C-alpha cells in the first residue's frame, strides 16, 4: 500500500489553536521544503499538511484547528497513536539556494517556511523571517526561527513586535533592505499581495498555495487554480510569482 | 509483456529432421545450461526449447521436427522472421563444475549438453561427450563437441563410431574410465537407465526431463513427474539422480 | 511523410486517438486548456450532474502499485456552474469536448444534456457505469431498458454524437447492440471496476466510501477483452477503449483490439500530461517502423487471421 | 502461547486458512502431497469434468507484471482417471481435499460429484465461474436457477460441504443468498476475470484462445470488495476469499474483509510453494504483535465501526 505508517512521538501546544506533532515514520522520506503529505487518520479523514521539518525518520507538522479532521487531531490524537501518510507530494520551493532570503509567513504558513529556513541556513544563505500573528497569544515558533536567522514578528492586536499586518511589515522591510528572493506562505490575499509587490520590484518570489486536495496525484482536478489550470497538488503547492502573474491581473481569484 | 523479441539470424540444417536456429534477442538473457525457454510463434504455438548456446544477445536452439510447431518451424520459418521467448525458465544443472564430466546425449538432447560442455570447459573441467544417433545420416554437432573436449559417437545402424546404442557405449566407457559426474539428456528410458547405473556406481548424475509444458511457471501442474510431484518446468528440467530415485524403483513411469 | 494519427470517431475528427478520460482533470476550463496544449486528441469532461455534488470525504484515492482505486463520489459544480467553463471551452478549445453526463433518472440526463449542448459541447458521453455512487452510473446502466430510453431521449434533442460509457459488467456485444439500436453513436469501454482496499496496518477500509473503482494497468486486460469482443461482433461501432492506457504500447494494444480511440485516465498520476506526447510519438514511431500510413489501418488489426 | 491459525469452514477444520486454489497444482496426487508438505490448510483440486479434456493449445499463460492471464481450457484427466489420484489422496493426505467440479449440465456435475465423493473427498467446489471455456463455468453460473438446481441435486446425494465458486459478475449478496438457500455451505469468491492480452510486437492476441482469465494482485481489490459486500449482508456464510493472495498481507486483507479462509493461486508462479509458510508465519506474527489469540477474531474485522 502507498501509506507509510507513523507513530506520534510528541504533541506540543503552540497556541490555543495550533499544535505541533512530532511523528516517527517506519520508512524514511526525503521531502523538499514546500512539499506536503496527505495525512490519513483511519475512519476520520485525510488532509494535506506541509512538512514543518523532516530529518531521517522524524517529521513535524504544525496543525491549526480548523474543522473535522484537525479538530479530531487536536482533541483525540495522543502520543503513541498511529497515523498514515502518503507523500511527499507536489513540488517544493524550486530555486537553488543562494544569497539573502526573506520569508513572509502568516499563521500555519510558518510550517513550510520553517523547513525552508533550515535548508537555506544549512546551504549558507542569509535568512530573515517575518512572522505575522493576530494577537500576542497567537505567537509561536519565534525561537525556532531565531535559531535559523533574523526574525521580526508582527501582531495585529497586541504588544509584541511590529503592530500591524505582516504585509505592512513586509512593505517596510523590503524598502530598506536588499534580498535576492522572497518566499511567502499564508492566506491567499497575503500571498498575492506579496507576489505583486515583488514582481513590481523585480524580485524573485515563490508562494505556497492551498486548494481542496482530494486525489493528491494531479488527476481529479479538485485543486486547480483557475483560470490557470494549475494544480496545487502536482504543479504546486509552491508557485513562482511569474506563473501566477496572469491571475494577479484578474479582479477575482477563482478556484 | 513478458516475451522477449528475437529475430532469426541464421538457420542451419543439421540433419534431415533437425535444424539449428541462431536468434538475435532484443534483450540479453543469462541462462544456465539446462534451462529452457518457451518459444512463441504467433498464431502457431508455443513450445519449450533448451538453450544449445547463449552468448550476450545471441542464442541457439536445436530443433527436431516432431509435430505442429516444430513442423512449422522447419518448413516456414526463415532468417529475418521474428519469434518470441519467455525465459530462461526452470533450473539448470546445479553442481559447481569441477573435475571430469561425462556427458551422455541422445538426439536433440545434445542441445543442453552442448551449452553445458561449453561452460564446463570454460571452468576448466575435463569433458567427454557420448553422442548417440540412429544412423550415419543423423549425426550432427560432432565438431562442436570436439572443440570442447573428447567425443565418442554411437550409431545404431551405420558405420561411424561405436555400433549400438549410446547406453551401451556409456556402459563400456564407464567401466574403464573415471569421472566425477555424469550428465545425461535423451529419451526418458536413456535418462533412467544411465541414472540407475550411476546411482549403483555411486556416481553423481543429473538428467534433463521432459513433460508437456503449459504454463512454464510451476502452477498448472501439467508437467509433473508422478508420483513424485516434481514439476519439470520449475523443479527441473534438470534433476539430480537422487531426487528421481524413488521412481527408479517403480515399474512404470507415469506422468 | 510522417504517419497519420488522425481518426474519425462517430463524425468527430480527432487529431490523434488519445482522449482525456472522464473524471480526469476535465473539471474546469483551465485544466481542459492545458490538456489540449499537452496534445490530447479530444477531452471528456468530469461527469456533470444537475445539482452540484460535494463528493465523498477523503480518502478518495489510493495508489496501488499496479493501479488505482478511487471513490470521488462524482464531485462536480453542477451543470449550471459548469456551463460557464463549457462556454469558454467552446470558444477557445479546438479539439472536441465530450461532456460526460450523470443522472439518477432520465429527466436529469436530459436536462444536463440540454444545457451541455446549449453551451456548445461537441459530443456527449453517458455515464452508465460509475460503480460506487448510489443512484448514478452503474445503477442506471444495469437497467438496460432505462439506459436505452435515456439514449433515445437524448438523440431526440440533438444529432451530436452520443457515447454510452459502459462497465465491464455490460461490455457485451448484445447489450452494446441494443444501445446502438437506441441511437447511440458509439461506446466507451470501460469504466472502473468495483473494488476496495483494506489497510492491514489500520485494519480498516481505506476509502471513506469503502467501495471504489479500480483503474490503471491492472484493468487493461479486462478492457482489451471487452473491446475485442465488441469489435468482433460489431465491426462498425465506434469504440473509445479505456482502461490502463499508460503509454503508447497500451494505447496500441486497445487499438489493435478494436478501439478507434483510447481514453487516458489515471496514468496521468504517474506520467502527468506528458503522457499525451509519449503516446503520440510512440504511435507515430511504431507506424513508421512497420510501414503503416495511418493509425486507422490498425484498428482491430489483431482480429485478422 | 503462539496464536492460533486454525479455522472452521463449513464444518471443515483447517490447520490454517491458506487453501490451495483450484487449477493450481491440484491435478495429481504427487503435487497435492507437496502442497500439504508446504503447509497449506486445505487443497482444492483442478476442476474435474466427466471426460478427459486436452485443454487449449499453447500459449495458455501470460505473466503480466501485475498479474497473470490464463486460458488453460480446463485440461484434466476426467473423473475416472482422477479417482485414482483422489483415492491416494484420501489415504495419505491429512488436510481437507476439496474437489472442484466442472460440467456442462446438471447431470455432468452430479456424475462427477458422485465419483469424487465415492473416492473420499472432503468437500466439493462447484466451478460456476471459469470465464473462458465455452459451455462450462461462467456459462453455467450466469444462469442462477440452473446453478441453484445443481447445488440442490448435489446436496441431495451427500452432506459433505459444497462451495459455490463464483465470478465477480455473480459476487452479489442476493445471488449468494440464493445459493445458500439452495443448500450451498459456502462460497468461494472470486474466479479469474475475463480478459485478453495483445502483443504489440506481433500485433496478435497472445493466448491461443484469445480470451482468458485475469488473476494475481491486480484482481485483489475486486475480490476484497466482493468478499466485504457478501460478508456485510450475510454475516454467517463461510467464504473462501480468492484473488491476488501473494503473501500474508494480502491474505489478511481478504480475511479482514470477511473471508474465513483464502485461496492461494497464481502467486505460486513467483513465490513457489514457500508462499504457504510465508503466509502462515506472517499471520502468526501479526496476531502476536497485535495481541490477538486467534485468526478467527479477524474475520470481517474491517467491517467494525
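Per-chain residue numbering starts at 1, and chain names A, B, C and D are given in the order in which the chains are listed.
By our rule, contacts are C-beta pairs under 8 Å (C-beta built on N, C-alpha and C of every residue); 3 or more make two chains touch, one makes a residue touch a chain.
Please read these numbers as outputs of a predicted model, since none were measured by experiment.
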Chain whose mean Cα position lies farthest from subunit C: B
Cα-centroid distance, subunit B relative to subunit C, in whole angstrom: 51
Whole-Å separation of chain centres (CA-atom averages), subunit A against subunit C: 37
Distance between the centres, which are taken as Cα means, of subunit D and subunit C, whole angstrom: 34
Subunit A and subunit B, separation of their C-alpha mean positions in angstrom: 66
Residues of subunit A whose C-beta touches two or more other chains: 43
Residues of subunit C engaged with two or more neighbouring chains: 64, 197, 200, 204
Chain-level touch network, classified as line, ring, star, complete or other: line
Every chain pair meeting the contact rule: A-C, B-D, C-D
Residue numbers on subunit D that touch subunit C, as the complex places them: 64-67, 69, 168-169, 193-198, 200, 203-205, 210-211, 214, 217-219, 221-222, 224-225, 228-229, 249, 252-253, 256-257, 286, 298, 301-302
Residues on subunit B engaged by subunit D in the complex (per definition of touch): 1-3, 5, 38, 40, 42-43, 45-47, 82, 84, 86, 213-222, 224-231, 234
Interface residues, subunit D side, partner subunit B - complex: 23-34, 46, 55, 57-64, 68, 70, 72, 75, 88, 197, 199-202, 204, 206, 208, 265-266, 268-269, 272
